[in-house]
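You will see subunit A twice below: alongside subunit B first, and alongside subunit C after that.
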Partner chain A sequence: MTTRGPFDLDLRHMVRGDTQMIGVWVALLALIVFGLLRYDNFGSSYNIFSFLNYNSMFIVISIGMALVIMTGGIDLSVGSVAAFTSVCAAYLSPYGIEIALPGGMAAGAAIGGVNAFCIIAMRIPPFIATLATMLGAKGGALVISGAQTVSVDWSSNFTVFGMGKAFDLVPWTILVTLLVALVAWAILEHTLLGRTILAIGGGEEASALMGLGVTRAKTFVYLFSGACAGLAGVILASGYGAGQPLEGLGWELSAIASVVVGGTLLTGGLGSIPATVAGALLLGLVFNILNFENGKGTISLSAYWQLVIRGAFLFLVILLQSQFRSRPNAPR
Partner chain B sequence: MTPLLEMTAIDKAFSGVSALVQSRLEVRPGEVHALIGQNGAGKSTLIKILTGAYRRDGGSVIFDGAPVNFSSPRQSQDAGIATIYQELNLVPLRTVTENVMLGYEPRRWGGFIDWRRAHRRTREILDGFGVNVDVRAPLERCSTAIQQLVAIARAVSINARLVIMDEPTSSLDDREVDVLFGVIDRLRRNGVSVLYVSHFLDELFRISDRVTIMRDGRTVGCRPIAETSKLELIADMLGRDAEEIRSAGMTGFGGVHAASGERLLAVEGAATLNRLKDFSMDLRRGEIVGLGGLLGSGRTEAAKALFGVDRLTAGSITLKGARVSWMSPRQAISAGLGFLTEDRKSEGIIPDLSLRENLTLAMLPKISRRGRIRHDEERRLVERFIRELDIKAAHMDQPVRELSGGNQQKVLLARWLALEPELLILDEPTRGVDVGAKAEIQRIIRDHVEQDISVLLISSEFEELVEGADRIFLLHDGRTTSTLRNPGVTEDMLIGAVAHNANEASVQDGQ
Partner chain C sequence: MRAQGEAIRDMVGSLLRRAKGRGPFRHGGLVALVILLAFNALVTPNFLQLQTLFVNVSQVATIAIVALGMTLVIATAGIDLSVGAVMALAGATAPLIFMSAFGQAYPVTGLVLAFVVPLIVAAACGLFNGLIVSVLGVQPIVATLILFISGRGLAQLLTNGNLQTFSNPAFSYLGAGKILGLPFQGWLALALAGSIFWLVNRTAFGRCILAIGGNERAAMLAGMPIRSVKIGVYMICAVLSGIAGLIVVAINSASDAARNGNLMELDAIAAAVVGGALLQGGRAPVFGALVGAVIIQLVRYTLLANGVEDEVALIAKALIIVLAVYVQQARKE
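Up next is the complex of A and B:
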């Protein structure tokens, strides 16, 4: 043990997992610099806010997904849950955002609770259990909406949440997303619960033998992920003025991609919330930049091609990461 | 006699740090050659260079009369070098035959696999080992020992000239070791050479012809086993003088002391669904009680019953006079118990978490306030234990997977000591760590027993039990069979008692 001087700053305990998370920050920074240099309006507050506003849903879902994945689990239901809760929120919109927001999150958390019950009490593998609730929530959204978009009540303050700014300054969605990220980060870095989440991913049996609250932590992550998806649904309904039962397709995969790009191991036990947010931003930014490029008229890519490019980009970032990670360690 | 394998002046460095310096190894045809050294001495690196998993920086390798430079394990396999790893590289869900033949299946016309011939050939090899198993059964149904033999059978089936075995006996019980040694003997008689890596020195004297000793990446000696002694080997491994070690006393937890404290724990006729049938014991405050028996006798299962992992189906556990029935390890921990698992890799360390986080995992509730971890207190505590237990790491935030086995074990030990338990259950506390770390760990345990911790010591090493425990309970087939009381217990007595319990059994397709 070498003693550490007071000025010998060690970043390792500040940014968990170090090297494999460098990739996402490097790529994010590179894209931002590229955008700023190439497009005039890229750095405008309008673009920044509308970009963050749109992507807040994906960021929130990714944060919930990150905690689940850190325990070594997976939550495939998030996209459907968001669609379901967007309909719920639309129905609740006449009562105002004060009711619709907690209501939507509670509906999401309830489905998270079903996930937790199936996975913990019934010992169904997370992949299967959340696949089932994904289909169930999808069906539920179609049933309660009659497979139609459900208009919200424009007279209440419901749409202010998705479209308006807090104190005429920052969009509410961005503020809430930031809050969710902060809460998740604080839990992970500073609490017993967070340490337990990482420990479970590293070795569930070992964690139980140490007397850690394994069941409680696992229940928490699925509830949290459900509530995050619920929040995303509320943002969706509030931002578009309608409950969208058909939305949310493939969102779970985007979320998983963000988490992975953020350096969280799919096997669990290692991960970071800031890097997950960066991962989600990165994937969103690829679209944003392609839109600008289309706007410049130099190229003209359909949305389908944009997906292909996003896939290629994802591949690139992960390749970059594995390069960082596979640096030879000193032998034992 | 021309050697089968001659490695000379091998150099290897990893990112500037030397792992091997001018090391050498010579194996003759048809000999069992032991390779020993502490963790980090360079044994694994040397073997990986031989098998082509690593490329050497310098030196030469001559195998079977020709210079070779393998660039992949497959190449060395094709040249006749088979490696049986500590963690077996087999496919548990497939049949025994498939595991033996995978990649080298006999073919019929048209390239189809000739399963009849494959099964027959596999059975021939295993029969030759004196092992009778259903070769069509999935491998996972076989015991660890049989799986080990299947791995060896695979080596034989590809006509290996040199078989490398890395800690082959670490998860075998005595009978299984006998069978393994029988097979090794057979290989030797057929002219196959065996390179044998092991921490268990006693074994080397039973099975090997010559021994190569490594220390700090160098080969420090190579001699016929018949002309050396255990003490000399240990001295060589540690780089110390044999006499010095003899006088210091290498192993043991120190003097046996009379325990006259109150009765802390009593177990009566405990049974679980997990192989424990009728387990009874008792333990007084300040006492070290040993739990002995062969592998599969229920030692670990007894510990798991005590610790609330497995629920009792019969019998009772009494702690400090009160009947207890814990539903989870958590309750056992809050009652003052600690449990150092034998399975460090899967039940002990959390590899990606840091040394610090691993050390404090069990005691987090104690250093958190309303769920919030007090980081300054955590760091102070970790620093204290790193110092007290002399844990070697770059810093406390280093991932624990990067530490050596002995240091990982110290971290786990610190994890429980930090909780200040009344009763610490130690399951194989010195397994898989090198001789130096072993002595240190035993010293740490001794120190803490003097500070009024009671210990339940589970060990498959008779020496450790005889020297360490005040009393020893022996288990066989999930039942307590006999009790031995120190002072006065000898290794022979213990072995005799265990053998008496087990004499009717023989190695078969154990499950």
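Up next is the complex of A and C:
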């Protein structure tokens, strides 16, 4: 075994592990090849960038969700939190992205903090606590926005974040998403905090008895997930030029599906950030390809199909994953 | 004003004492109900009118019926997020049937089918949930998330996303009929509660439900049919949701797949928990669920009647859920 530096990007290590985690990469590759062969504009930089730009919100949310699920928890509030923070960011937009971005993320983290408090201090089951904050954040978003979309300030540099490119090359949203993925990956793979997160999912009581900082790690994952949802809200407001209090419906489902597709066990204790990103991309790609098919006229799917397909996709993944459930403590 | 304040303080104190005490939480729920009623009698204009009772009974019935099913699911330590979507699906199916050419040609058969087919569809949804939970062993919250999102999508596909309006007095009786001056669906909810109570307390199936929630492994070792009981519970919950969906459609004489049963899962969970259901399973307070549903409805009515915005009411509901679960947890420890 070769020695690795703490932040050495070892692709083999990232992809290695569960056969299932390889599965998501294979499926992703297969879909990309299929798309490249079948559609003319599939590989165009416009499609690639608009695809990544749109899906950056879901990737970011999925990363936060992945950490939560690894501890054996769940965060149903992400969609509402994103809606809430998109409104916050829209109100902060006159001060520029330097203020609106941290502000939106802080608002998201604050709701994550409420989640953590309810779950850890009040001992409320995660899905009830986050279901309640889902309602609360939705209500909050509607109250502060007056149930209207809130237009952003176009004169500041706020919309550059969601629509512009860094160095005229790569969209800012993609850069930031990559950064979030790197941070989450580094924390998970190379810090005690990350090990603790996985250990909690393996067995919370055992982890606590071993002297691991269970409370701290659980607090962290909910704060992190809240901040990720907050970032998604800022991307939403910045990319569409408005804070949207009614957005975010079903986002938690997409995030959970991406995480599960990425091979993270729903019972916690096992998971990977790169595979989660791949899962989110795979899910997005399914819709991208359906759009292309719609464009070709071979099929005609209304928007309602999206909901059905999303559910069917999750079902398929669960079916596949149920085979792996029998060995929850398999070595990574 | 002073006397009012003191009376309310006394009642809050007594609520807290009750909640801390060893008695079932549903007594705390009853106290909360009394407080809500007293508050409304004092503050809300025109509260003590027959019309108010009528409105509240007709609206609480759907919450209560779904909460009954949710109570059973929660008793097995499960949860069902798909109830609202199943309502939409069942609600969308019924008008399709009695408005079809067949339904027009044979009104009576069409009407019967308009009741039967949606409930079969609902039962199929429950079977789907139950199979994923019991056979695949997936967490109930994720298993039911599938239909939570795609069920509503299916309902919208069936109706093309359109609002279906109709005029069918016989079908509308479900939501507009009256017996002894009170809405039919109120009586229906009571009857269903009675049947579920009998099911839980007087049948082997009911014993199995409570045993699974109490300790699934022990129940399995005792030779109980875990899988079929769980599937049965999800199917009952789905059928009850289907009935609630039909009632909503009957009340409005229209089916709106996008809105029918929207956020119902929250109301139902809240009602069940406020009624004394333990999320860890093992308890199925059937009449507690009724009390819980009435409380949820009264909170909504109180806020609305006093001019509080709908959005704030959402936040209030979130707080109620958290508080109810918290009080339960505190009592358990």
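The definition used in the following text is that the second predicted complex is superposed on the first by the 289 of 332 C-alpha atoms of A that agree within 3 Å, B and C clash if a C-alpha of one lies under 4 Å from a C-alpha of the other, contacts with A are read in each partner's own complex, and residues count from 1 in each chain.
By our rule, a residue touches a chain if its C-beta (ideal position, glycine included) is under 8 Å from a C-beta of that chain, and two chains touch if they have at least 3 such contacts.
Just so it is clear, the model here is predicted, and its values are computed rather than measured.
Of the two partner chains placed by superposition, only subunit C is touched by A:L253; subunit B is not.
Looking at the shared chain after the overlay, A:V143 reaches subunit C, while subunit B stays out of its contact range.
Contacts of A:S302 after superposition: subunit C is touched, whereas subunit B is not reached.
Using the contact criterion defined above for the overlaid structures, shared-chain residue A:I318 touches subunit C, although it does not reach subunit B.
With both structures placed on the common chain, the touch criterion links A:A166 to neither subunit B nor subunit C.
Interface residues of subunit A facing subunit C in the complex, by the touch rule stated above, are 74, 118, 122-125, 127-129, 131-136, 138-140, 142-143, 147, 250, 253, 256, 260, 266-267, 302, 304-312, 314-315, 318-319, 322, 325. Chain contact summary for the complex, subunit A toward subunit B: residues 1-2, 4, 10, 12-13, 17, 190-193, 195-196, 198-199, 201-203, 205-213, 265, 269-270, 328-332.
Across the interface of their complex, subunit A is touched by residues 79, 132, 136-139, 141-143, 145-154, 156-157, 160-161, 263, 266, 269, 273, 279, 309-315, 317-319, 321-322, 325-326, 329, 333 of subunit C. For subunit B in complex with subunit A, the touching residues are 14-15, 17, 19, 39-40, 44-45, 307, 309, 328-330, 332-334, 339, 341, 346-354, 356-357, 361-362, 364-365, 368, 371-373, 375, 383, 386-387, 391-397, 402-405, 415.
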